[in-house]
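Pasting the structures here.
Two complexes follow with chain A in common, the first pairing it with chain B and the second with chain C.
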Partner chain A sequence: MDLKRYYPVVVLILVVILIQILTSLFGITFYLTQLTMSAYYSLLTIGLCMLMGYAGQISLGQAGFFAIGGYTTAFLTTVNLIDKAEAPVLSLFKSLGIMVLREDLYGNKILHLSPWVAFLFAVIITIFIAFLIGVPVLKLKGHYLAMATLGFGIIVYRVVLGTRAFGEADGITRVPGFNLLPGIRVSGDFANRVENYYIAWVLVIIGAILLINLVNSRAGRALRYLHGSEEAASTMGVNVSRYKLNVFVLSAIYASVAGVFLTHFNAGIGPSEASVMKSVRYVAIVAAGGMANLWGTLIMAVTLNFLSLRGVFGTYDDAVFAVILIVIMLFAPRGLIRKGVISEIEFAFKKLKPGGIIKVKRES
Partner chain B sequence: MNRPYIRTPVLLEVKNLNKSFGGVHAVNNVSFTLNSGIIKAIIGPNGAGKTTLFNIISGILKANSGRVSFKGEDITGLNPHEIAERGIVRTFQNIKLAGHMSVLDNVMIGRHSKTRAGFFAAALSLPWTIKEEARTKEVCMEIMEMFSLTDLANEEVSNLPFGKQRAVEFARALAADPELLLLDEPASGLNIYETEELAEVIERIKNKGITILLVEHDMSLVMDISDEILVLNFGKEVASGLPEKVQKNPEVINIYLGEG
Partner chain C sequence: MSFEQVLQYIFSGITVGSIYAVVAIGFNIIYNSTGIINFAQGEFVMMGGIIAHSFTPTMPLFLAVVLAVVITTAVGSLIELVFIRSLKNPSVLRMIIITIGLSILIREIALHIWDEKIRALPFFTGSEVTSITIFGAHISPQVLWVLGITALIVVALQFFFYFTFTGQAMRACAANRKAASLCGINTRKMVNLSFCLSAAIGAVAGCTVSPLTQTHYAMGTPLAIKGFTVAILGGLGNSTAAVLAGLLLGLLESFSISLLPMAYKDVIAISILLLILFFRPGGLFQSRQIVALKSF
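Coming up: the complex of A and B.
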């Protein structure tokens, strides 16, 4: 097996550790909070990169899957079942040890499902919905697929915005931490900052390794192939509709897991996470990263989300991502993170001038 | 006149096949059988329904009526990948490759139906998938050698000249270990030398025991390599049989040379 494809993973691990050490040395560990959040958004984005970049199926509904994961876990770990504690189902759950009894800030007792169960439930529900949406929608191609997934994203947004159980415009708050393993807790507490930074990045690294393996396998080859020619892929024995559905569900799982973890980290989730502009943002990041380029996408995802979370783009946050999408499509449709990109951008600029392209001499 | 191949078993049987596009009857009640181990050519002027027939056999189009059976099994209306799994593989007149992928990747996709690593096993990179992948690569490199593509293994397909791309398509089809190979105008776009080479390649494929059904415009190639010929015009069978017999058929001469 070719081990070269894992070199970037090693580099990534080293960079992650280096950043943590540097932030501690300089006493600026508060940056780790945004880097943790960026990591979760990156997890979603590399999943989308697999779907969009490699398999060539666009989705403008990834924020919807993120929200389905986040809202499911938020709801299940905050809804108080104490009044129904004697119901037979809940007694059964209690004896299985999958219920949690805790006290809120005011000393009220809250009984709810354990985050692990909520997490599993969130993933199962995501798979179910992704199948349900994917089967009809993936028959469409290009713009039509983009519109249909956009429609799905809008539905999720309106549902979470309009449902009382999901807190309407306020979203769900006071989501408890997620005890991953004894002593390892996903939460935004100050004391857990460094630990959470590593939890997030371990998750991203695992997610990236799985995708690298997939891309370089028989299944990944079939995915890349149907991007090139669905007809050729199918006549060589690739079950095109099943492969498209599988990769759609896979990217939805990545989005959903990211949603679950970030919701526990942020202790809450609001409807803005489900908004269409979030989905557009993810598509813009994959495009800027170079489409079929996992590492380019990851670099872009961390950088742009970090800047956005630090408030660098101010009130123009969404506008900036829309502009990025337009600019990339115009000047560097093959993305920014790759060789020879500078000369290509220069060429595109010259092309814009009237008659410019005729004067251009290509240096070789 | 009785050549020995006639006695080989029937591999493919097409019976009363019909296909219309709007008012155009592209395939009109066509029937034929194909014995295993031979080369059969389907010829006819443009619009005779040859490619439509191919598209139906390979599952890309669904017939309006009629039946296609392969080794006695009814395969009418199956999806293309199901037909490929049964051992029928095709090439395309206007080459269909993944231009953004390497030559090796394009040949390796040919082994898709002969291998089995799925999403889970592949993502976890289970040891057997690594072995399977290495074996696939080995087989494909051997096939590529036959088409002198070894040096181009890592070249992006879109950078190759047309003739080489056609070779990649052939290599991809052979990688699938087909029992029946459908060649859709393999000589189109090739020059006279490349066509001669092609005839040799097709003979070699036949000698491997692979049955070939061929749609072709190049008459000299067809007469050279075919064991049997089926002539179509406006979706209908005009003549069929041995090349020397078909060649003399007045109706065929009429179609090709016009009425005298």
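Coming up: the complex of A and C.
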């Protein structure tokens, strides 16, 4: 077995630990909060990278899946069932131990499904919707595919914005923490900051390892053929539509899981998470990371999300992502982070000098 | 629902629908000459309204509208020169991403030049309370302006594409770019012209509709999506069918408000878009044989 492909994972783990130690040493652990959020956004982005980079299908509706995950868990863990506690279904759930009884800030008793069940439910719903949408959508190509996924994203946005149960423009707040295991809790409490930082990054690392294995498997090779030419892949016996659909569902699951965890971490979710601009932003990050480049995408996702969350771009936040999209697509459609990019820049500079092109030609 | 109410809904439907149709025609003009869907099409409509509004305090309304159209046209031309021309055989994915980026960029620039306030041009004749009674339905004279100008745009474009030399050259360019350039047509110029044209009609529509629906920096994207829905509904590239499809969508939307909450208005238009894409990607009016030859 070729272990070389896991070297970046080791580097990533070391960097994650190093950052935690450094922030603790310098007393700037507040950075970890944004790094945790960036990690969850990165999880979504590497899933999208799989879809866009490896399967070659654009999705402008990824924020929709994120919102489906987030809103499902937020709804199920905040809706109060105490009045219906005697209903047979709920008694069954209680005896199975999947209900949680807690008190809110004002001492009111709240009975709701346990976050684990909500999480599983969110993933199942996402898979169901992704299949439902994916079958017809992935028959389309180019503009039609882009518009169809964009349309899906807008429908999700409009539904969460217009539905009373999802809090309309306010979203859902006061979402409780998520006890992953006894003693390990996803929540935004200051006391859990370091713990949550590691939870988020462990999730990203698991996600990345799964994708590495997928890329280097038979399915991964099939996907690469598919990206090159669907017709050729189909002739070679690759079941094109099945592979496309599977990757679409997989990327939806990544988005949904990210949505679930971030919602518990932020203790709430609002309709802006489902907006078109979010979906465009994820596409921008994948494009900047180099499309079929898992690590490039991850680096870009963490950096850009972290800067954006810290408010570095100020009121130009959306504009920055728009410029990134345009510049990358105009000048470096294969992304910024990849092998050989430095020599290409050198090449470009040599061309700029008088007589440069001739010189470059002779050298090559 | 009384007869007057139905008539009222019909008028509001065709007003909105005709704007969708103009946006769809803008999509079609650029799509025909380049094969690109310009996602920034809705931004041209926004620019028309917002630029004209900032000129109105200093000059007569007509002049402000003309200036807004000229400036928007120049921006459309500039976009083609700077962002589209340099690309040789770009992939569709690249083009989509670039035009989406442009749409966001224009929107953000508009936000920083103006602000997030909702503004409206003055009514072309009368004021917001003037109304004309037609068969018992009360409509604003601006509705007639919108319908009249839309009709004028459609007729003028038909005349331009079929009876002028430049228009015919553009159609040749749309049919086969290589063959057109072999016939001595400057295809680059034609592509640039198509961007100018669709920016101009977008700006005109943005000005005429501004008194009724208001102008806002972020109005472009929803309009572009509706316009695209209409363009698909009529069959991409077919401008006459786009007019019919636009009116159809406008009517559907305006009647849907009487049945469903206002918040779901966009959901209906987009659900129609998805259904059309899934079941009749060639549009409502194209024959099955033609559709079978295309790939979507």
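Basically, the second predicted complex is superposed on the first by the 340 of 364 C-alpha atoms of A that agree within 3 Å, B and C clash if a C-alpha of one lies under 4 Å from a C-alpha of the other, contacts with A are read in each partner's own complex, and residues count from 1 in each chain.
Following the convention adopted for this analysis, contacts are C-beta pairs under 8 Å (C-beta built on N, C-alpha and C of every residue); 3 or more make two chains touch, one makes a residue touch a chain.
None of these values were measured; they are calculated from a predicted model.
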item: Partner chain(s) touched by A:Thr235 [first = chain B, second = chain C, both, neither]; value: first
item: First (chain B), second (chain C), both or neither touched by A:Ala287; value: second
item: Touching partner for A:Ile155 - first (chain B), second (chain C), both, neither; value: second
item: Touching partner for A:Val276 - first (chain B), second (chain C), both, neither; value: second
item: First (chain B), second (chain C), both or neither touched by A:Asn108; value: neither
item: Chain A residues touched - chain C or chain B, whichever exceeds; value: C
item: Partner chain(s) touched by A:Val323 [first = chain B, second = chain C, both, neither]; value: second
item: Touching partner for A:Leu140 - first (chain B), second (chain C), both, neither; value: second
item: Chain B and chain C footprints on chain A, overlapping residues; value: none
item: Complex interface listing, chain C residues touching chain A; value: 37, 83, 86-87, 90-94, 96-98, 100-102, 104-105, 107-109, 112, 221, 225, 228, 232, 261, 263-264, 266-267, 270-271, 273-274, 277-278, 281, 295-296
item: Contact footprint of chain C on chain A as seen in their complex; value: 56, 58, 60, 136-137, 139-144, 146-148, 150-152, 154-155, 158-159, 161-162, 168, 276-277, 280, 283-284, 287, 315-316, 318-319, 321-326, 329-330, 333
item: Touching residues on chain B, where the partner in the complex is chain A; value: 58-60, 79-81, 83-85, 89-90, 92, 96-101, 105, 108-110, 112-113, 115-119, 122-125, 129-130, 132-134, 136, 172, 176
item: Touching residues on chain A, where the partner in the complex is chain B; value: 1, 210-211, 213-214, 217-222, 224-225, 227-229, 231-240, 246, 250, 292
